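Pasting a structure here, questions to come.
As written, the chain order gives the labels A, B, C and D, with residue 1 at the start of each chain.
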Amino acid sequence: MTWSRDEMAARAAAELTDGQHVNLGIGIPTLITGHLRDRAIMLHSENGIMGLGGYPLPGDEDADIINAGKETATTVAGSSFFDSAMSFAMIRGGHIEVAILGAMQVSVAGDLANWTDDGARVKGMGGAMDLSVGAKKVIAVMTHRTREGQLKLVRECSLPITARAAVSTVITDIGVFDVREDHFRLREIAPGVPALDPELSRMLRPGR
Amino acid sequence: MTWSRDEMAARAAAELTDGQHVNLGIGIPTLITGHLRDRAIMLHSENGIMGLGGYPLPGDEDADIINAGKETATTVAGSSFFDSAMSFAMIRGGHIEVAILGAMQVSVAGDLANWTDDGARVKGMGGAMDLSVGAKKVIAVMTHRTREGQLKLVRECSLPITARAAVSTVITDIGVFDVREDHFRLREIAPGVPALDPELSRMLRPGR
Amino acid sequence: MSKIAESAGAAVADITDGRTIAIGGFGLCGTPSALIEALLQSGATDLHIITNNCGPDSSDVTRLLRAGRVRRVSASYIGDNSEFLNSYLGGAITVDLIPQGTLAEKLRSGGAGIPAFYTPTGVGTAVAQGGIPVRYGSGSGFAAEYSAPRHVAEFDGREYLLERSLTADFALVRAETADTIGNLRFRGAARNFNPLCAMAARVAIVEVQEVVEAGGIPPDDVHLPGVFISRVVDLGGRMRKPIERLRTTDPVPAGGGSHGL
Amino acid sequence: MSKIAESAGAAVADITDGRTIAIGGFGLCGTPSALIEALLQSGATDLHIITNNCGPDSSDVTRLLRAGRVRRVSASYIGDNSEFLNSYLGGAITVDLIPQGTLAEKLRSGGAGIPAFYTPTGVGTAVAQGGIPVRYGSGSGFAAEYSAPRHVAEFDGREYLLERSLTADFALVRAETADTIGNLRFRGAARNFNPLCAMAARVAIVEVQEVVEAGGIPPDDVHLPGVFISRVVDLGGRMRKPIERLRTTDPVPAGGGSHGL
């Protein structure tokens, strides 16, 4: 068995410490909100919100309160609104303790690739490069293989890089991997996952 | 006869156009406020005010509302408060149409010296360098001679420079001089001022 | 010295062909619809638009594109928008893709008289190395022009790249409230790039939901001082605020709490 | 997760010798008196103080100097203060004189993760060329150390100099109102350098006139988000606000107006 998307989100939530300011990327990371009830966590939204809440109740939608995915949102007690320069000052200046981002590839060195799936048809990096460089700690959340079956945990990224040496922990459907410069450390394996793929096992050992 | 300090201030006020945002330096420039009644001029104070007013009435003093000279002050309708980075963003970014500054020396090239009277006992430049570089137009207001009788309108500044080629107009006790790169143009002479000093007259002609 | 313009059309009338225009908003949120509509009506063309993202296909900025009035776009993201993506990939427009935080800082710096700054964002990526497609060959599917590499310098043992600031001829922005001399208040996350675009422009034009007298906004509560604003268009409560992605939640079950410090 | 500290003393207790401390305020306006007093009591010494100007001889920062606790000052102005001036000219302290706008930008950039930026301020002056006395020989009256020249570069035909940003170990700042998680509102011109010092510091400590519950400051009205603040000291309405230069005016004669747009 592997972890579902929601189980991965729950596992990522468990990496957070109360009191932290956290930015959640688009994709699986947005599911983490559902696992933060009663947690003393402030969510940062790159479009200018500290203290993002969940979706509004029907009828309470406000076009001026949206998250970075352009979805209607709410705010929690103690929230604030600010402009985009201030929002990225928080990110780039290291004031956001954790960013949890979706990923296409993560290398043993913590290189992150998540902004474009090939170099020829780019749509833009949005805030991904700022977040991965600026947050004090970056956690990547992704399935460990592509739909086509290729490993997304890699020795070196083949896709265009979002940031070098950015990711410290990768939460996947098969377990939790810590980035250790020249290898991954398997910190936790999802219950019932069979023996690791030999290619992945090799990445648990130092060197190339 | 020469213009008094207050007459110089009045003459400087006449250089302003309604609708402008203006920063007044310390010294004679602060007297200009008295000549702006019913003028559509917004005064900028470097410590974080747009829309500075005059001094408060007795009993209305507020320790949180001071001008750049640290004197108690007031604000006008439509004023705003902001932090010092924003205040100097306005200045440096060219959003302040005019700065009127006191000066120790101004050269024919518009070089301004007003931040320290000698290089060995400096007290700091405060906002002088930002203002003289950033304001769209810089007007210097000063007596044309030091107390010791030396000309303050000069070919080249002997004092440490605040900014190069910054000043466009100099208002003095004997008249109004426009900076013309390699000479001063005498635009207006104070009524009753006798023939100009030969040294000053030479500076009204191009070249050294 | 009121800055209230007669109409949106009058406010944008001097925007001539070839101008660079910074447009506020994040997708549909905080985007100055009425001013963009007026710009569309004005006929100005060959425009360079600076805007964070172009919104969905239904966005006002997309209408400018569809009408063939956009030469170049500087943005952090042009996905979610098939028109922009196709115009880019088809070689019809030039696109500068800029990390969102760098774009925000470029505008803020441009407005603040800072011509260039170093940033860690993009080090070791195609932003630093150059090679992001800027323009595709017409119909070829191949890039005809790539972004230039950035100068990289080391400070205290870490690498940073040098970014030039951005300024614009005009800004079109949206706020909730203005006073007659252009002091602004924004609402919620509709603030986003609006103050920054206004700061970066030689002439900043704002559309607002309501106008109050000078002094009607307490000086401590002004979000953007009027010194940055040239013209105010009063929409008189008729501001259109579309929602890009409507999401709602079921009522919280009894005993359910919320997060937050 | 309340950030309310037990006392000013408790809030500054971990400021050890040799630290760099950014202190908000402009002269006496907006200066965090209670926190500086607590720092004085704490005994921490060999401090590097970053503050715009040191206020008059009666200022709290001057008391730190008089007690021999200041090694270095980074400021835009140390006039109006004979103690600072004499300590500087007598070689007792090192002083970095920085143009005020550059100082503000260095702090803001330091807090925003921008390590360096180009600015026109100081081009062609001793700031660019170097040579501003930083330290005088003990009692000699001659400078023993001068400021370093800045790297100068040209952008679009105009010269700019490169300035490094500033960060601090701690910030001591003052605001009018905080909520329990450190969201701040300032009052009038007491805002000045306070938000910037807080942004630039690893640990920012604020003293406030009053504390409200989280949510007590509407999110559109927060001047500085609590993410930048580590500790809040509640002065419970007992904030001292001295006036540096009291000036008043006679009541305006009938018919007299005021200026303004």
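Simple rule for what comes next: a contact is a pair of C-beta atoms (placed from the backbone, for glycine too) under 8 Å apart; a residue touches a chain by one contact, two chains touch by 3 or more.
This one's a predicted model, so the numbers in the text were calculated from it and none came from an experiment.
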Set of chains whose contacts include both subunit D and subunit A: C
Chain whose average C-alpha position is farthest from subunit D's own: A
More contacts between chains, B-C or B-D: B-D
Inter-centroid spacing, subunit D versus subunit C (mean Cα positions, whole Å): 33
Distance from the mean Cα position of subunit D to that of subunit B, given in whole angstrom: 26
Inter-chain centre distance, subunit B versus subunit C - centres from mean C-alpha coordinates, in Å: 36
CA centroid of subunit A to CA centroid of subunit B, Å: 54
Touching two or more other chains - residue numbers and ranges from subunit D: 1, 105, 108, 112-114, 119-120, 181, 186-188, 214, 219-220, 226, 260-261
Residues of subunit B engaged with two or more neighbouring chains: 19, 40, 42, 49, 51, 77-79, 81-82, 85, 88, 91-92, 134
Arrangement of touching chains [line / ring / star / complete / other]: other
Chain pairs in mutual contact under the definition given at the outset: A-C, A-D, B-C, B-D, C-D
Parts of subunit D lying in touch with subunit B, wherever the complex brings them together: 26-30, 52-53, 75-80, 85, 89, 97, 99-105, 107-108, 119-127, 131-133, 141-143, 176, 186-196, 241-249, 251, 256-261
Residues of subunit B that touch subunit C when the two form their complex: 18-19, 21, 40, 42, 44, 49-51, 75, 77-82, 85-86, 88-96, 134
Contacting residues of subunit B [partner subunit D, same complex]: 19, 33, 36-43, 45-49, 51, 53-58, 60-66, 69-73, 76-79, 81-85, 87-88, 91-92, 111, 119-130, 133-134, 160-164
Residues on subunit D engaged by subunit C in the complex (per definition of touch): 1, 105, 109, 112-120, 153, 155-156, 158, 160, 164, 181, 185-188, 214, 219-221, 223, 226, 260-261
Subunit A-touching residues of subunit D, taken from the complex the two chains share: 1, 108, 110-114, 179-181, 183, 199, 213-215, 217, 219-220, 222, 225-228
